Structures are given as structure tokens and as C-alpha cells.
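Below, subunit A partners subunit B and then partners subunit C, in two separate complexes.
And now, the complex of A and B:
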């Protein structure tokens, strides 16, 4: 087993063990962080490894959220099939958006993804009859059951979040070690060169959008299922910016970066809001400092200073 | 091997190449010369499928490659090393080569052969490409292009800005590849390099292929250089 695999399995083991020592309050937080970090992992596939900056990932997260919540609410589906439909909704949306948005590059790609995402957000509001818009709706506790396990208790919720996160983490680790992932990195470094070596870069980028969208949707579906709520806020532009921040601070293009970034910002906000009402000012200063002194993000700095082979 | 027949191409509405025809045989080095703006780089980009063909035909061993998307031109067996090297700078030497090898799923013998051509690279396998010297970067760019085992190799001023010993090393490899039967299309500005390497020399002038001559003719006819290169 290589050092990289050992590190990531060790991280999962540490998170597993943490459940037994963390106080209830933090246990709930970490469960939430793991689901959001899964979202960040999905974002990182596209941004960190392929070099495409999307400003519209909230639509994929929300596609997973509603792809799970709507069939449960209106069609009476169970959690299992609803989870699958959530991921499928995200992957399908990503395929369509990717086919159109990838005709552009750079700033235009950012704008086009932002526009698609806003259109999605407004559609959620327009379909208020079913989605109940901003107000959202609660998924009944009776439906938060998967394979006979009640996911609404703190302990099972924690382990379910860990399972979701581990799956995404190990999947990206496998992806970046696979030829497909290596080609994505080559495209990030120099797309035209990759083409001149015989790679169909459009298809690779489209694949990256779909994988990224599917993982983000998995996180959205997991979020709705574990925390029992779906609302339009999760489709708003704010939720497109969050994963960008988490990934940037944690370290774009590293497998563990998304978790580090999500954990860091979550607890930074948590801690700062205990100090002052103007907690966003504290968060802002820390973000500026990190951008100045660790432009590669936390895991990026680790890679630079400690271990160059960090995947 | 590579045959270009009466191609017209350019950027959008601005036509650059007019009815350019040339061919490179296996085991031959054809040098393309011309002033700045004559259309040398445009010609190469058109062959590689990076610029659309307005009319004309490009074939490789009889197979039409003129209208293929760029990545399929490379897959068909045309390697292109652009000016200014362009590596995957954050990746190591080994990773850069690996990306090249993966395209056609080339086996380990290709890697061994490529490293044997450029022994310096085997000492630097785990070094990031951006930390290499200019000459080593050119070696890596060439080595990576060779990973797809091209039948035709297109080089755009490979020795520009390099120290003499490096120029020598790169030239040796180009000659060796020629002797192994690769067709080589070389864009070069330096007359001495062309005289030393070329089997034939083609002059481009304002997007038109003016004349194709032997190096002997170039050596003896000073008016030729005056006319096409202004030197």
C-alpha cells in the first residue's frame, strides 16, 4: 500500500474514531462538514484537477437535493431509490450544462455556469407548488431510513456522512491516479499541448463536469436525507461560492484539501461568531491572510513544504 | 509520407496561406524557411488541425487528415513540437512522458528508447518540468512528442535560444530520427542549421510556397537568401 493510500485511509479511520470522543455538538458539526466536504470534493474535480472554474455548482448540489427530496415528498419513494435519482439528476444536468458551457473557456465559462445556476435557482422558485421555494420542506423522519437504518439519530447520521465522504474521497484518489485523471491534470496545465499529444480534450472536460456534478449531487442528496430538509437557499449563488472558497483555502488539486478547507471555514465562522457579532470581519481578515501567505491553500502548502508527492 | 496539396488557410477571414503544396518523405528532413509573417507557423498549425482548412488536401500515407480534429491528427501519427516548448510545467519529467505514452498506450520500450535518446532526462525524472534548463525543456518537449511514435515530426525552431552544446544534442537526435525513417518538417531561421541538416529547403513568401531547392543550391546561390530571407 502506498503512502498516499495509507494517508487517506488513516484520515477516514481518524474520522471514524472521532465519533466516539467528540461531544454531541461537535459530532453534529463534523457530520455536516463531511457532507459539505463531499460537495467540495466534487467541485475540486473540476476546479482543482481540470482547471475549470465554475460559478454555478449550486445547481448540481441542489439537483441532488431535490432529485432526492421531491420523489420522497410527492411520489412516496424510499431513501435508496431517491438517493440514486438525486445523483442521476445531478449527472444528467451536468451533462447538458457541460455540453453547452464547455463551448466557452475562462471568464465566459464562469459566466455561463453562473447563468445556468441562476436559471436553475429561479426555476426552483417558480416550481413553488412542489418545492415550496425559499421556505422549503421537511423530509419526514419516517423516510430517513436506509437499509433499515434510521439516519436521523446523531450516531447513524455521523457514520452515514462518513460513508458518503469516504466514498467520494477514495473515488477521487482513484481518479487522479487513473490515466483519465492524469489527462485532466495535463489539460489543466496546458490544454493545447494535451490535444497535440492526441487527447480529445472536450470529451475529457465533459467527463470531468459530469463526475464533478454527480459527486456534488451526491452531497446534495446526502444533505437532504441526513438533515431532513430541502430549500431553495441551497440553489442560491452563495452555495456556488462556498465550495470555491473551501477548495481554495484547503488546497485546490489535492485530495484532502476540500475537507481541510471546509473544516477550517466552518470552525472559523463558529469560533468567530462566539467572539463578536461582526464575525464575518474576522473571517475576512483570516481569508485575506491565508490568500497572501498560503496561496496554494493549506494542503497546497503542505505539498510544497513537507511532502511533494501529496496527491 | 506527409503530402500537402494546394492548401488555403488562415485566421477567420484573413487568409494567410495560398495554394501551398509540399511533401515530406520518410527519412527526409524538409526545412521550411521564410521571413517573419511568411506563414510558417500557420502552415504547421493547419497541418495539425488547429486551423481550419479553407481548401486543399492533407494526407498522411494516403489517409486524409486535413479535416480531422486536432487530437486525431496527433493520433494518426504526426508529432508537433511548437515554438517555446510548452511543457506541463507543474508535473515532473516522468509524468510529462507518461502523458505522452498514454495516448497510444505505448509500451515501456518506447519510454526506454526515448530516454536513451536523451540520457540527461533519465537523471531528472522526478524533477518538475519548470525547473529544467531551456535546453532540457526542449529535450523533454521532443521526448514527449516521440512518445506517440510519430511517423512525421514537425518542429518549430527547436534550437532557438539554446547554448551550442544543446543545439548539437538536439540536432543529433533529429538526424538520428531521420535515419530511422521519420519524416521531419523543420522550421528554422538559421541558415547554418538548415545547411547542415536539410535534404530539401522550401521557401515561403507572403503565404505562397515560392520555391523548393537543395541545400547545395542554397549554398551557391546567394541571391536566393537575399530574396526570401533578406540576409
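And now, the complex of A and C:
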């Protein structure tokens, strides 16, 4: 077992152990952070490893959220099939968006994803009869049951969040060690060269968009299932900016970066919102400071200074 | 007819806002996501100037018309020199940094100005009835129906926007500063080699771009109200306009602003505004995908 695998298994073990020491309030927070970090991991596959900056990932998160919540609410589905339909909705949306948006590069790609996401958000509002728009709706506790386990208690919720997070973490670790992941990194570093070497860069990038969209949708579906709520806020621009912020702070293109970034920002916002209503100002300051002083993020700096082999 | 006139007012203000965004993109090759917040800032400053001066509304308004764009322009130029210059105008990092700027400006306004929407009194506001032509008993007849009216202020907004747009056009094509800007746009390194202070040009362009957005906001604020979240819609619409008009092309931008402004007024009569917005955003995304040079552009962006 290599050091990298040991590090990530150790991280999961530490999170597992944390459940027994953390007070209830922080236990709920960390469960939430792990689900959001899963979203950040999904974002990181595209931004960190493939080098494509999307400003519209909220649509994938929300596709998972509604892909799970709507069938439960209106078709009476159980949590299991609904979870699958959530992930499938995200992957399908990612495939369509990817096919269109990948025809553009750079700034145009950012704007196209932003526009698609905005159209998705407005569609959620337009379908207010089913989605209840901004107000959202609550998934009844009786439906938050998977394989006979009630997910609405703090302990089971924590472990379910940990399971989701571990799955995503180990999947990305496997991905970046796989030839497919290595090709993505080659595309990020120099797409022209990767194409010259004979790689079909379009199909690799499309694959990255779909994987990223599916993981993000999985996080969205998990969020709706564990916390029993679906609302249009999760499709808004803010939720496209958050994963960018988490990944930038934690370290783009590192496997553990998304968790570090999400943890920091979550508690920073939690603290700031106790002081003022204008807590989003903190987000702004951190974004500007990051672009100016630490474009590599925390894990990126660690990789540069401490351990060059950090995946 | 009335919808078209409302559309013309929207188009006029939109053209001012979008031309600022287009100018910044054209010369500096960066996208300013905080553009909508400079617009909002213009409206908020207009409100504070107008209320602190008192007296006849026209005095406060005239002062705001001068002060707001200048203050916003200086702020933007300062932001350019402290932030954008240091990241060397890298397109992607600029977007991230201006998103940060967006939240800072918006939230600081929330802290100081508060969450209320506040009106500014227009300097003059006469109700004008509009004539309507109809085929009557004695052939074509002109009459003044009820409800078909506009205010003199709205017409003045349209007029003012045309004057300013002409001014920008003259500045870009006929003056030395315009020449310098165009030179910088064509080839940054060559311009620098010829002794043009490129970084100062960038700061000026960024300032003018934000100032134009603020000017548009001052003009609109007697019709709408100043509100800390008001920057989102103009930002989205300006994006749409700039992209459809062809990134960085000034005449294309004005033409697209007319098209979008007019159609926004007219479409929203027939569709619900949400559906109109969805169609507009999807249209823009598809234009960028299939015609990246814009509908009126000829050169690849």
C-alpha cells in the first residue's frame, strides 16, 4: 500500500473516529461538510485535473437534488431508486451540456456554463408547481430510509455522509492514478500536445464533464436525502461559485484539497454570519486574496513545500 | 407601441451598461463580472447624492449625474491597479477575482446602505400623451387615447443615452486617447514598445467602463429604485448583449442592445418574464457555442 493510499484511508478513519468525539452541533456540521466536499470533489475533477473552469456546476448539484426529491415527492419512489435517478439526471445533463459547451474554450466555456446553469435555475423557478421554487419542499422523514436504515438521526446521517464522501474520494484517487486521469492532466497542461500524441482530447474532456457532473449530482442527491430539503437556492449562481471557492482554497488538482477548502470556508461563513448579515463579503475577500496570493491553495502549497508526490 | 417605448428606454440604458463591458473586454481582453455591481453602485451613489443635497430634485440629480460615474470610475481604476494588474490580466483568474469583487461591493453596500430599495425623484416629469393613428369614419384620424402616455423623463433618458454613445464613438475614433486604446487593443506588446503606458491605459479603460455602467444606473434610478441586489439583471443582460453583438465590437454592442432591449419589452408582454429570460440565456449560450464571433461580428473573438 503506497503512502498516498495510506494517507487517504487514514483521513477516512480520522473522520470515522471524529464522530465519537465531536459535540452534536459540530457533528451535524461535519456531516454537511462531507456532503458539500463531495460536491467539491466532483468540481475538482473538471477544474483541478482537466483544467476546465465551469461557472455552472450548481445545475449538476441541483439536478441530483431534484432528480432525487421530485420522484420521491410526486411519484412516491423509495430512496434507493431515487438516489440512482438523481445521479443519472446529473450525468445526462452533464453529457448534453458537455457536448455543447466543450465546443468553446477558456472564457467562452465559463460563460456558456454560467448561462446554461442560469437557464436551469430559471426553469426550476418556472416549474414552481412541482419544485415550489425558492421556498422549496421538505422530504418527509418516513422517506429518508435506505436499505432499512433511517437516515434522519444524527449518527446514521453522519455515517451516510462519510460513506458518500469516502466513495467519491477513493474514486478520484483511483481516477487520477488511472491512465484516463493521467490523460486529463496532460490535457490540462497542454491540450495541443496531448492531441498531437494521439489522444482524442474531446472525448476525454467529455468524459471528465460527465464524471464531474455525476459526482456533483450524487452530492446533490445525498444532500436532499440526508437533510430532507430541496429548494431553488441550490441551483443559483452562488452554488456554482462555492465549489470553485472551496477547491481554490483547498488546492485545485489535489485529492484532499476539496475537503480542506470546504471545511475552512464552511466554518468561516458560519462564524461570519454570526457577526453580520453581509457574510458573503467574506467570500469575496477570500476569493480576491486567493487569486492574488495563493493560486495553488492549501494542499497545493503543501505539495510544493512538503511532499511532491501528493496526488 | 407603449411596450416598444418602454423597450427603447431599457435598450438605451442597456446600451450604456453593455458598451462599458464591451470596451473593457475589447481593449483588455478580460471579462469583468463585477460590472453589474458598478452599475448598482452608481444608483446607490446617485441616491445618496440626491438626498444629501436636498433642494429641487433637478439639482441633486444633476450633481449625481456627474459625481456617481466619476466616483465609480475612480473606484474601478483603483481596483484595476491593486488587483487585476497584479495577476497580470490573466483571463481566468480575472474572472475569479472580479467575482470576489462582486461580493465585496454588494455586501459592503448591504452593510452601509441597507437592504431597502429607495427611489430618486426625477428632475422633471411631465406626462405626455401620445397620438395614435386609426382608420376612422373620415379616413385616417389622429387621436389621443387614454392610457397611452409616457413621461418626458423617459424620452430624455433615450436622448441622453444617444448623446453619450456618440461621445464614446467619437472618443474611440477621433481622439488621441481613443487611438492609444485601439493600439493597445490590437497589440499590447507593440504598443508598449512604442512607449504607450499600457497599464495606465488599462486602468483608464476599466474606469471608463465602470463609469458608463454607473451613468446608465443614474439615468434609470428615477424610474426604478436603488437596491443592493439590482446589479444582477443588468450584468446578465449586458453579457447577452456583448456576446450577441460580438465580443469587443462597439457598433455590434449597440445594435444588440437595441435588439435585446426592445425584444425584452415586447417579449415580456406575451410570455411570462421567467420564460423570456430562459429563452434569452439559452439563445446566448448557443450563440457562443455556434457563432463565437457574435451575430454581427466578423472577426473571431
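The criterion applied here is as follows: the second predicted complex is superposed on the first by the 289 of 311 C-alpha atoms of A that agree within 3 Å, B and C clash if a C-alpha of one lies under 4 Å from a C-alpha of the other, contacts with A are read in each partner's own complex, and residues count from 1 in each chain.
Methods note: contacts are C-beta pairs under 8 Å (C-beta built on N, C-alpha and C of every residue); 3 or more make two chains touch, one makes a residue touch a chain.
Treat the numbers as computed from the prediction; the structure is a model and nothing was measured.
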Does the superposition put A:182 against subunit B (first), subunit C (second), both, or neither?
first
Pick one for A:198: touches subunit B only (first), subunit C only (second), both, or neither.
first
Does the superposition put A:190 against subunit B (first), subunit C (second), both, or neither?
first
Comparing the two partners subunit B and subunit C, which touches a greater set of residues in subunit A:
C
Subunit B versus subunit C as contact partner of A:22, first or second or both or neither
neither
Answer with first, second, both or neither: which of subunit B and subunit C does A:53 touch in the superposed model?
second
For A:84, using the defined touch cut-off, is the partner it touches subunit B, subunit C, both, or neither? Pick first, second, both or neither.
neither
Go through the superposed model and pick first if A:9 touches only subunit B, second if only subunit C, both, or neither.
neither
Footprint of subunit A on subunit B - complex, ascending:
48, 50, 69-72, 74-75, 80, 82, 86-91, 95, 98-100, 102-104, 144-145, 147-148
Which residues of subunit A touch subunit B in the complex?
179, 182-183, 185-186, 189-190, 192-201
Which residues of subunit C touch subunit A in the complex?
31, 83, 86-87, 91-93, 95-97, 99-108, 110-111, 115, 236, 239, 243, 272, 274-275, 277-278, 281-282, 284-286, 288-290, 292, 301
Under the definition above, what is the set of subunit A residues touching subunit C in their complex?
53, 55, 100-101, 103-104, 106-108, 110-112, 115-116, 118-119, 122-123, 125-126, 241, 244, 248, 276-281, 283-292, 295
